[in-house]
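These notes are about the structure you will find just below.
Chains here go by letter, A, B, C, D and E, matching the order in which they are written, and residues are numbered from 1 within each.
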Amino acid sequence: MSQRYLLALYNNFDEAEAVVKELRTADIKGFNAANDMVVKSPIEHPEVEEFIGNKPVYVQWFTLLGASLGGFLAFWLISGSQANFYAQMKGGKPIVPFPPNFVLTYEMFILGGVYITVLGFLILSGLPARRSPLYSAKVSEDQIGVLVKGDEGSVPKLREIFTKHKALEIQEEAGR
Amino acid sequence: MGKDIREDIAWAQINKDVLKSLESPRKAYWVILLVALLVFGVGVGCEVYQYNMGMGVANLDNPHVWGLYIASFIFWIGMSHSGTLLSAILHLMHADWRKPIYRFAEAMTTFSLLTAALFVAVHLGRVWQIYYALPYPNERWAWPNFQSPLLWDAMAVFTYLSSSMIFLYVGMIPDLAICRDNIHQGWRKKVYTILALGWEGTDRQWRNFRMTYLTVACFLIPLAVSVHSIVAGDFAMSQQPGWHVTSFPPYFVAGALYSGCAAIISLFVILRYVFRFEEYMTLPILKKIVRLTFAIAMVWTYLNCIEFASVWYSHDEAAKGVLIQKAIGPYAPFWWAMIFCGSVVPFAMMVKKWQTNIPIMFAVSLLLNLGMFLERWMIVSPTFSHGIYPWTFDHDQWPSMVQWGMVFGSFGWFTLLFLVFCKVFPSVSMYEVKEMVYHRSLQSKKEAAGEELAVKGAN
Amino acid sequence: MQHILRLFILLVGLFAGVGSYAADAAPKLTTPDDLGPQIEQPIEFPHFRHAGDAKDGGMQINCMYCHTYARRSMVAGIPPVQKCIGCHQSIESVRDKPRIKKLFEYWEAKKPIPWKKVHDLPDFVRFNHERHIQRFYFQQDRPYQEVCGYCHGDVKKMTVARRQKPLTMGWCASCHMKDHPISAHSTKTGHGPNDCFTCHK
Amino acid sequence: MSVSNLLENWSKFRHTHPVEDKGHPDWEAYPSDIKWAMAIDLDACTGCNACSVACYAENNLPVVGKEKYSHGQAMHWMRIERYWDESESGFEVDQGARFLPMMCQQCEAAPCETVCPVGATNHTEDGLNSQIYNRCIGSRYCSANCPYKVRYFNWYDYPTTKDVWPSPMNEQLNPDLSVRSKGVMEKCTFCKQRTYVARNNAKTEGRPVQDGDVQTACQEACPAGAITFGNLYDPESKVAQKWQHQQVELTKEKQDKDKTEGNRLRGYRILEELRPYPSVMYLERVRESAV
Amino acid sequence: MKENDFNRRDFLKVLGWGGTAVALSGCGNTSIQDGQEIVTSYVTLPSYVIPSIANYFNSTCAQCDAGCNIMGRVREGRVLKAEGNPNSPINRGKMCGLGQSGVQAHYNPDRIRQPLLKGQAVTWEAALGAINDKLNGVKGEQVAFLTGGMSGHVQALFGNYMDALGSKNHFSYEAISPAVLRVANKKAYGMAMPRYRIDKARVVVSFGADFLGAWVSPVNFAQQYAQFRKGTRPEGRGVLVQVEPKMTLTGANADSWIGIRPGTEGMLALGVINALGSAGIKLPADIAAAVKDYTPERVGVNTGVPFERINKLATLLKERSPSLVLAGDAAEGYVNGSQNALAIAMLNHVLGNVGKTVEAAASVPFPQIAPTVGSRSSLNKLNDGLAAGKYKVVFSYGANPVFSAPAAMKFKDNFVKADFKVAFAQYLDETAQAADLVLPLDSAMEDWGTVVPEYMAAPEGSDADTYAQMSFRQPLMQKLYPDTRGVGDILLALLKQRKADEYKDFEDFYSYLHNAVLKNKVALGGKTTDDDDIFWDETLSKGIVPLKGVAGSVSAKMSAADLKLSPATGTDTNYPLRLIPAVSASMRDGRNANEPWLQESPDPLTTVVWDSWVEIHPKTAAKLGIAEGDIVEVASKSGSIKSQAYLFPGIHPDAVSVPVGYGHEGMGRYAKGVGANVFSILDPVFEQETGELALNETNVKISKTGQRVIIVKEEGPLGGSQDGRPKIAVQVQADKVDLSKEV
């Protein structure tokens, strides 16, 4: 069964919310609201997350990993290199002095945290990504887009729901 | 008092206005760019001369081995802190007035750090051997000295620079997507397409974006504090009188925020004019920054007094000597100028009428920055000229034209980078302005409906 | 969430690997050949003929017969022309060879031979031949070919000497950090000094 | 290797100096039997500058000329300071001037060492504060942090500067140590090239370094013999005996004798209270009050 | 060092330039560049030469007249450094800064490299030919030869040359010399230069003798001084009292510095004798009568020294015996200079120091090599002769009178009156510039010679009464320039022009010296059975030849009849200040001014470098409204100079001081135009007995020019203040420390 993509553009969040809620409750064959629906918006809008259903965010785990690895490796690396063959005393301080190493550990802790967090962000949000089907520049301007994927059979139903909620525009494209 | 951003402004209008800044700024833009280029050229000339002749042309000497280069380094690092303040701290505090101005503040962070990094190179006697300071496995088997505060500095600045660059970039991705969608030809299109990473504003992207932005903001705050504490550590960790002061790290951080805020006011005024951002960089926003700056100015003044007091009440004769020298010695004019600019001038910001008077605030912000530059110089130089060892006191040492040339050159370099950035990338965050007007209009609608709504704001 | 887990493991592995390498990266204690350029000398001195093994037609002369300062001074020294002449004036058989003729030309003109430096360390480095010869040749009783050859390569098989070893700082250090017996009859070991000041002047 | 080294020798790497141990961290391989130190008798010092010139001759110090001198860019590793007695009304000259030869104090816990970003200055096993010229990148932090201000920076490329070593003056340069190019910090090394030779010769002869094996250039020149140099760990050495007699201990930041009023010894170290543990002991200048 | 000469000279050849290249390239080159550098080997090489290990050759320092024995440190054919010869009784292995700088005289880039005839480079044949031509046309008495102090075989050869010319016009001139002292000593002790035993004295009272700086044999005295200061000495730590109007280096090291009114030193000495008499020292009747008028009170008024201080000094001298009283330049540079010196010497007699701390010194057994000492009175004679047109041909060697004669003498004008002037010179100094023919000299490190010091120090444990020594000067390396010659070689060549037969056996001065030494092998400490070559080599390698000298004796008594102390000359109301030309340890009379180490080593007291200065007492300066760095004009009756003012507390308020040796108009890049020449403004006032120029008798006035500079000096803005730091240069009173057990 071939798949079709449908994009509907809305003027404001209230309309989009209504559409999304309806799509979620509507039982349409060949369309799974949890997986096949994407809401595109020009601004970050926490309510979208609420009405589209709770989806977990894992970025913070990357942060934890990055920060702890960064910190640990910093200490390991620095102490290791301090203890190399040319270990020479400086200013009467120990060869592996804690205060400076902790300062650097702290910096590397942050560095690792930031880097890996952003890496995690890219991975989790699927970036960099190819242009998705039916992209409309309007969603980066002032309209809310609802992109759905469904079997051919579900298209009329979806269209109907979209139009019901005063979609400004509905685009359709064959899926891959 | 001018008007704030219209709540009913169309989102498409925001896009249009901001994107226009990428194409047709006022003529002043090109004038400033040219001047910056010239000034930068002077700096480059000075560096070429110094590189070939040796550091001596800077008129540094033994033991007065550090001069304006280090002072400028601190100055530029300090400047960078305001970007973090606006984007990270105020972000966490949900102060929505920051939204139209945080982008350029962040850019300022990045570029002033790049400028500061320049001074590391300029300062070194053998900059061509700078790779000795990099920790990487090499055929010499030698590692840098991790005990050195300078290395901490390098590490901290590197972390800060890369983190703030990433932060700037991540925060810009949605706007880059807007640019990608609206600009249809030329190299810009390619650049935006690549940089936007295929951002489409999907719910998944926004979800992760929010978390990431928040997390990185959380990291940036302690990072920013640590960076300037470590820079303060360059001095506080040493045994030199006038430097060996416990309160240096907070003092430096306060100074950093201070100079950064002052710089934001200056750039606010300039950008507002050059890119015709009157609609977005509104006077109420200016008023808020001015108030913030005033608060920080008072913190700085307080810490300054604390520093003097702790020196004065210590029994360290050498440190006392430095303080006295600052006040009555050869550096006295500069020191008093610093006190005037740093602690007296900010009171102009208390006058309510002036808070939104652009020429006055511009002048004040420039004076504050002058004061903060002098502050850095007054930290570095007097200790050398009147330190611990009386035989080597050195009251006749003044920076040469080469040093000054390089300092001015750095301003040129910064302006150059900054202006080019503003021309190439949207210097007002479009999506966040949209969020701001959206939430504000929502709130006023609700207020109009007589509903109680808890809105957290900075004021 | 499996792909995230996989990613985690990958990242940890990457970091641990790179980090451990960086911190623990001691170049291996081998002395790989790093051939220097072929150098043209005023006289193409056949080292193999003088120092080479008998089976290769060499005369097995000890390095320190000619480079006599090596055991007494910082530099090994190029032998004075006098030294060459000392033997060669009584070796009639090779007197007509072009190289020997050239040698005698220098001698008769009382002119020094402008040899090119083959093993050239940077000028801020102090390499003390005496110390190394004393330590390994006299105290540890190793054969001279091995002692000299460690840094100079297999000169006894060369004509004009050519640099064979990298002579980099890490290369020096790789040997300095090795434990060597302090004498031929001792089990006690010690390694080379690691003060920067020892080698850098 | 170094990580394994780190784990194996952890306690060694956590030792501090000079209070906890006797010198070099690698003392197992190199039992630290040498600690170069100096004693300078200010009562004998006449301030004649012979030491300073000897230092120029020995250590390839550039003559910078009037203009650079006026900028304070002089390169005298050994400088003679001249102080006057002070009173309410100004300088007093009835008891002459006080001269103080000042050079790198080779501190055991040197403030300069910790701050060098590239580790160009370290503590050596024989108790010197080494300065590795070719490692130096010229951040000048060491000089900024030196309480004695005895580090000198090559502000210009003196080997190629006019009239510094015009031919044939360059032939006087000592080949035992480098001529520093621009952008490098330098300082007194206690004539390392000489101590090196002395240690080398002693090793070859299979004996410890003895007192008198080595003299620094300043010591050798000093007409009044005010400078004593030697191995502080060798109880036979003159310098050790002087330190011992003056009850000046290397590892103390406040000498025991100074705790008792009216001690009749005159050894002291300059800026001891900053805890750099300098290796140079000065002996107070003595003046007769009977005239 | 038992190599024959051929080898040794061969060795002195500079080995390639590899060594220099190594030293020069410093930190720049980090890459390993095979085959880039050339390493030159020797052709032949004596066995004692090992590359990278230095050889030491003994020689004698030529930087001043003290004749210290030095060792040249030679590496790869280059002399790198001069170090003291430890076996020398004079300097005992030590060196002063001036001596150290000898290598810079040798390597100096401004040395003359060819003979110059009227400024044009000529060959030696042409140069010597020109001399011959000129000499052939004149009579012996029309030839004058001006030299500095000389000794040894050059001196002998020189004597022969003067004989050959038939000229008696040898003028030995030193701009700064203890000439008055010699005469006064002769009267007081019976010998010009007795041996001073500072190391044996418990108290040293020095009247302006800068024995640690520039007086007679400073390195020797500095070592004695070190002994003198040792608390472990049986005599205990000695006390130094310095009496002088301008603080010298020695004054700066005194326990008590007495800034006396210029010219009244002799009176103070008599006052001290008077006070000693009242304190109970038995004075001979004649002396007692002579000093009777000089009560401390009166002397105090005249000298400006509080009489309590005079009494204290007398008490000290009485209590601590033996003592030593020295008279130096500052006490002697007056019209009544030798009377001052005599009065001071009398103090030694009164205190019974003669024979204890003033010892007889021996003189060398060969009068022809004994030093000829220079003085300024001889320059007067030469000047008069030149003015009268008596001399047609004038030679000058080792002296620079055009620079160091007061302008009022018009020496330069008179000098150019002579038909033909020949200067033997290392630099194109002022005199060489005025000469018609300039003969380039070898440096002291390329030259052969022998030196007999005027001040004869004796080693410990020797028979001091008869100890005399001759020191060798030998080349430490190959000549830098082929066309320079040693003074001995030049004299020999000139002698050959006169007496070719007598000297035909001597190829060069070296062979002359070699021959002369071997001829006197026995007198020089050898045995007749010694092999000549071995003896020669051993002698050379020691560098010092002890001789059995002619013992002298010091006269135990001094009659007061010699003493007629004329009062010090007063000041002039137009010229209210007394000018004291200061002789510094490094600059001396300026002959070494072109050695940059000396220019760059700060003056010990003012710490000024690379310039001259005018020392003014702060009080005087305040009166005149002068601040540090003001360019002031110092004007005397005879001229004026301009220099920077330095406020200096160690000077009598009625005096100003300017260092000599600066202000060259020639010599070279390091000396030319540095500072002002104070010699030029000295008034031609002469010491009444010896005819020496009275250096301190010039009165000057000081006026501001309105310019101000920042003085280039070593000290910081605090001057000599320690800014309240507790422990920097610490001083302790002698009764607060126990020195007797120190190690």
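Methods note: a contact is a pair of C-beta atoms (placed from the backbone, for glycine too) under 8 Å apart; a residue touches a chain by one contact, two chains touch by 3 or more.
These numbers were taken from a predicted model, which means no experiment stands behind them.
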| item | value |
| --- | --- |
| Partner chains shared by chain A and chain D (touch criterion as defined above) | B, C |
| Relative to chain A, chain with the most remote C-alpha centre | E |
| Maximum inter-chain contact count - chain pair | D-E |
| Chain closest to the assembly centre - both centres taken as Cα means | D |
| Centroid spacing, where centroids are CA-atom means, of chain A and chain C in whole angstrom | 60 |
| Centre distance in Å when chain A and chain B are each reduced to the mean of their C-alpha atoms | 30 |
| Interchain centroid distance [CA atoms averaged], chain A/chain E, Å | 89 |
| Cα-centroid distance, chain B relative to chain C, in whole angstrom | 55 |
| Junction residues of chain D - those touching two or more other chains | 1-3, 26, 74, 79, 81, 83, 100, 111, 114-116, 119, 122, 124, 133-136, 178, 184, 271 |
| Touching two or more other chains - residue numbers and ranges from chain C | 20, 22-24, 26, 122-124, 168, 173, 177, 194-196 |
| Multi-partner residues of chain B (each touching 2 or more other chains) | 135, 141-143, 145, 147-148, 151, 388-389, 391-392, 394 |
| Pairwise chain contacts, counting only pairs that touch as defined | A-B, A-C, A-D, B-C, B-D, B-E, C-D, C-E, D-E |
| Chain B residues within the chain A interface of the complex | 10-12, 15, 135, 141-143, 145-148, 151-152, 155-156, 158-159, 162-163, 166-167, 170, 173-174, 177-178, 181-182, 197-212, 215-216, 219-220, 222-223, 226, 230, 233, 431-432, 434-435, 438 |
| Residue ranges of chain D in contact with chain A within the complex | 1-3, 5-6, 9-10, 12-19, 24-26, 108-116, 119, 121-124, 277 |
| Contacting residues of chain D [partner chain E, same complex] | 42-44, 46-50, 52-54, 56-58, 60, 63-66, 69-70, 74, 76, 79-86, 90-100, 133-134, 136, 159, 163, 165-175, 178-181, 184, 217, 220-226, 238, 241-242, 245, 262, 264-266, 268-273, 282, 284-291 |
| Of all residues in chain B, those that touch chain C in their complex | 135-142 |
| Complex contact set, residues of chain C against chain A | 1, 4, 7-8, 11-12, 15-16, 19-20, 22-24, 26, 173, 176-177, 194-196 |
